[in-house]
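The following blocks contain the structures, represented as structure tokens.
You will see two complexes here that share chain A, one where it goes with chain B and one where it goes with chain C.
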Partner chain A sequence: MLRHSLRFVFSLFGLLFLTGIALASLCVWRSPDEDIAEIYKADSYKTVFQDVTDVQRQRIEQQLGYSLDPDETQFKFFPVYKGENQIGTVMTHAGKGQFGVIEVVVAVIDTGSGAIVKRVSIQRDREKAKAALRSLKFLGQFKGMTAMDNFTIGEDLKPARNDAVKSSQAVANAVRKLLIVYDDFYGLKRAEIKEKENK
Partner chain B sequence: MNFARFALKNLFAHKVRTGLTLVSVVVAVAVLFTLLSFNQGYDKSLKTQLQGMGVHMMVVPVGCPYEAASLILKGGKITSFLPASVLNDVAAIPQIEIAVPTFMNGIVRPEEGRTDIYLGVDSTILKLKNWWKLKGKFPEQPNEMFLGYDVSLIEQSHVGDQIYVPEKDATFDVVGELSPTGTEDDGFFYVPLATAQKMFNQPDKLTSILIRLKNPEDAPVVAVKLANIKGAEVITMGELLGTMMNLMGSAKALLLSIVLIVIVISALGVLNTVLMSVFERTKEIGVMRATGAGKLHIFCLIWLETLILSLIGGAGGLVVAIFGSRAIEGIIKRFLPMAPKGSVVTLDPHIFGLVLVFVLGIGVVAGFYPAIRAAQAKPIEALRSE
Partner chain C sequence: MSKITKRTDSVYLGLTLLLLSLAVLVSSGWAATKVDINGGVFPQLKFDKEGSSFNLMGAEADITARITGKTRDIATGLFQLWAPISMQDWTMGFHFGQAYVLLPLGLRLPTIRIGQAVIPFGLLADYDTHTQIVQTTYSRTLGLRIDPGVGFQGQIGKTQYAFWMSNGNGPYALDNNQNKVVTGRVAPKFLLGDAELTLGLSGLAGELPYWRLDSIMQMMDGPHFYRMKYRAALDNTTDWGPATIRIEGVLGKDSVLSGPLVYGYYAEGRYAFMSWLEALVKYDGYHVTEQGSYRSADAGFVFYPPNLTSLDLQVIFQQDWIKTENMKERFWNVTTQLTFRF
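Here is the complex of A and B:
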């Protein structure tokens, strides 16, 4: 009993200590309750932290075509639930725009063979083309896209405004990165499980 | 007779009860140690931060000088202003080495749950804060700015980038960024003084003048001279520190009271455990007395059990405090105003010793009554008991 009690106290302190460190480098989700109700008509969500291994990092970077930021050692996923069923996942990303940071919220549904975009929204920015960037005309283009699609502004997607190509591309890059990361964490794991089952 | 071995055997005969009592002592000691260490580090850190500003005194608008001064130090929206002409009167005082005019104001960004603080300064600030490491250059044009370290991280903006302020429809070129200072300076957008005044429609107005004296001992003389300037109030860093300490005093007292309650509860837990043990062992104590053990032997045995409980709990509490002080500090900081950045808990050997003596003291007090009661048991009555 004594051993258990002590173990509990130490674990509690350890958890608090580690949580304090882990939260440091991540982009927050600013209005989760409103978002899940609006996007999924859902009532709850969880927060899942996933550490990126060196192998995963290499694989993700190879697919992205550029390096992850040095502080991107961990990703945060928000699986969304209706009742007890998971009906989607939300991810957030803070990236450099044209006039400061742009925080993007990407809601996806899992088709079984990877994630597809359900909705993209911007929760924070200081862009001149703020209204155009947040418009359905621009963000609606991402609906249904997967990690396998092309995300080049001007070719595959239209910019929010002609003078906002850089910030439009920043949003597109964020969506693509999160789709690739999601598929690497969940798509690959699922494939591995299936492979083991088949064997 | 080996008292210590006997006492330990008695304690381990009731593992659950002893374990739970130990946990309560561990928690009380861990919280007490962290709070005392935090308290010491907090005061030290605040003094260091104020001294580190390189400012001996500050001229602020007439009103509540302490409120204005703390807003200026921590960053905030200032609602009253000094006429810019005050700077000439201040600079004319011969004992003053540097006088830096500043204009501070904030733009609330509700969607981000924060306020962007813009600080208008001229290049004299670089003389005042001569330890600053500025990457890039100081703004020379009205549309140039440099960023505090935290701001450049949050905005992911660096030298060569642009920052747009939508609320003012103003675009700035980022020409510099500060290396981390560990102070509130990291959280500001720095723009030229005239630009800040224009942005917030307060031309020829200042929010404060930061002053460094040639000789800090001249502060009282200079304060008298500054007090004669119309529309201005002067505040020295010593006064400001005293006011801040008073403000924090009540919050600290509340925290300390909670910890003291925890300690009293854990002391009662120790007392209860040992007393229960004495009641259960009445017959055993009777046998010991009948076979030659004196009152002092019994007293020492019971007292030793309490001391061992306190000592093990105290040592465990200190170990938990060493590893968990950061987490406990995080919780304490939520209750204290103006908490300095970063960790302020220092593992001071004096506090270490103090807490250990304190917990042993509790053991001595809590164990006294059960020990006396056991020692006074009459052998015949004790042997008859069920």
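Here is the complex of A and C:
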């Protein structure tokens, strides 16, 4: 039985390495219906999983100024629709706060030259300042921000509470990372389309 | 042809037509598919009064296939493959064997689930126990965790709901009777200061595997009897800052509603000292009138490496007590498990 088990495990890893299948970071979108109704008043959404290539990883990490987590090899995008028109995109991220994982939901609008934040919410966390972290006073600061803005807590952004700087920064980092990732996936695609049109 | 066979044929015919329709949608170019592989490996090191042992508690690959249309998800299929691990047949079915299709009907509408899935009873609905050393009382209160069936789930505002009608025989087993297990749960969620609470109310009725407390240690051999079980449960999950509390109370009857009372309880507390270290304590029990009780207490730690959400190391001390007319046993173990999800 042990031999079978080991064979399975080695086969599985072999399969993963040979096919280059993405190891996904593990953040689900827990309440899409409620979020979509609140944020966009939309009709539908769909799930798009995108694998990060090595070239993309380098580009994203350069812009971030630090490495992606080892398990961030795939990102999830949830385009949101009113009728047949896409009116926004939702993304999720699981990052480490002071006491555990903070699951952040970021809703963006594509302006044509990059994504801007429509709303940020937290779907699960284990922080002491839970209510402050989820307050409009803290999360409302992110509205309208782009990947080019300053996300440092204590500078342009205020912490949720004075004793929650670390967890506030974890949320800010998640929002910035998702904006950079979105722009890399969809901004570059836009540029390619524009280039083709010009040709 | 018996009624059961006719009914089963109809269900299979319906499923086949549904899958064919989805295949037509995909091949027509109206819908797109995406397949992902996730999974996990859970090796364990265990010490008990008989010595130490190293075993592979679990190794699985979860294949998820999504079919999406232009503006919405059409279907998601999940198929859990697992290694022939060092666990006995019946108890393995507690943890592995999920295989189902989710069909979302649209925004603010329920999602239909068809296949083998976790029964949405009590904490099981939200708490994925299959990667944990600590387990809730489902093996004693229900006799199974994963069961083939059909149901729906969804959310109205902050309240989740789920309904599941299943065979009551566990995964990969033919239905051995005409009786179906019916399970329902509603669970509102709300924020109270710095605490987020989910309160669940569940009900279940149907014929399920049955063991007397005297024979519960032979559970791994599989069920020898099936009995009608009626169960009601209240559960609560509270994330209160770094503390997570899970509580469940189960009350029920076996065989008939006038039969002997059974009850179970489960309380688990976790406290994160920092993002990479969490302490855990748990106490649970299952009592059957005129038979006795099975109680269990656990304590330990969970380590989460920084910058990774897919790895943890659990170290848990477990103490169990069984007390019936014919036996009085107490046993312990210390288990270390590395959980690697990908």
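Going forward, the second predicted complex is superposed on the first by the 174 of 199 C-alpha atoms of A that agree within 3 Å, B and C clash if a C-alpha of one lies under 4 Å from a C-alpha of the other, contacts with A are read in each partner's own complex, and residues count from 1 in each chain.
Here is the rule we use: a contact is a pair of C-beta atoms (placed from the backbone, for glycine too) under 8 Å apart; a residue touches a chain by one contact, two chains touch by 3 or more.
Because the structure is predicted, anything quoted here is derived from the model rather than measured.
Annotation for chain A, partner touching more residues between chain B and chain C: C. Of the two partner chains, neither chain B nor chain C is touched by A:Thr53.
In the superposition on chain A, A:Pro70 makes contact with chain C only, while chain B stays out of contact range.
Touch criterion met: A:Tyr45 reaches chain C, while chain B stays clear of it.
Of the two partner chains placed around the shared chain by superposition, neither chain B nor chain C is touched by A:Asn150. In the overlay built on the shared chain, the residue A:Ala131 is in contact with chain C alone; chain B does not reach it. Of the two partner chains placed by the overlay, only chain C lies in contact with A:Asp33; chain B stays clear of it. In the superposition on chain A, A:Ser113 contacts neither chain B nor chain C. Once the two complexes are overlaid on the shared chain, A:Glu84 sits against chain C while remaining clear of chain B.
When both complexes are aligned on chain A by C-alpha atoms, chain A residues 1-2, 5-6, 9, 16, 94, 96, 98-101, 124, 126-128, 130 touch chain B in the first and chain C in the second. Remark: chain B residues 15-16, 18-20, 22-23, 26-27, 111-113, 154-157, 161-166, 171, 316, 320, 323-324, 326-328, 330 touch chain A in the complex.
Against chain B, the residues of chain A that register as touching in their complex are 1-2, 5-6, 9-10, 13-14, 16-17, 20, 30, 94-96, 98-101, 123-124, 126-128, 130. Partner chain A is touched in their complex by these residues of chain C: 34, 36-39, 41, 55-56, 59, 61, 66, 68-73, 76, 83-86, 106-108, 154-155, 157-158, 191, 193-196, 239-244, 272-275, 278, 304, 306-310, 341-342. Residues of chain A touching chain C in their complex: 1-2, 4-6, 8-9, 12, 16, 21-27, 31-34, 36-37, 42-49, 69-71, 74, 81, 83-84, 94, 96-101, 124-131, 134.
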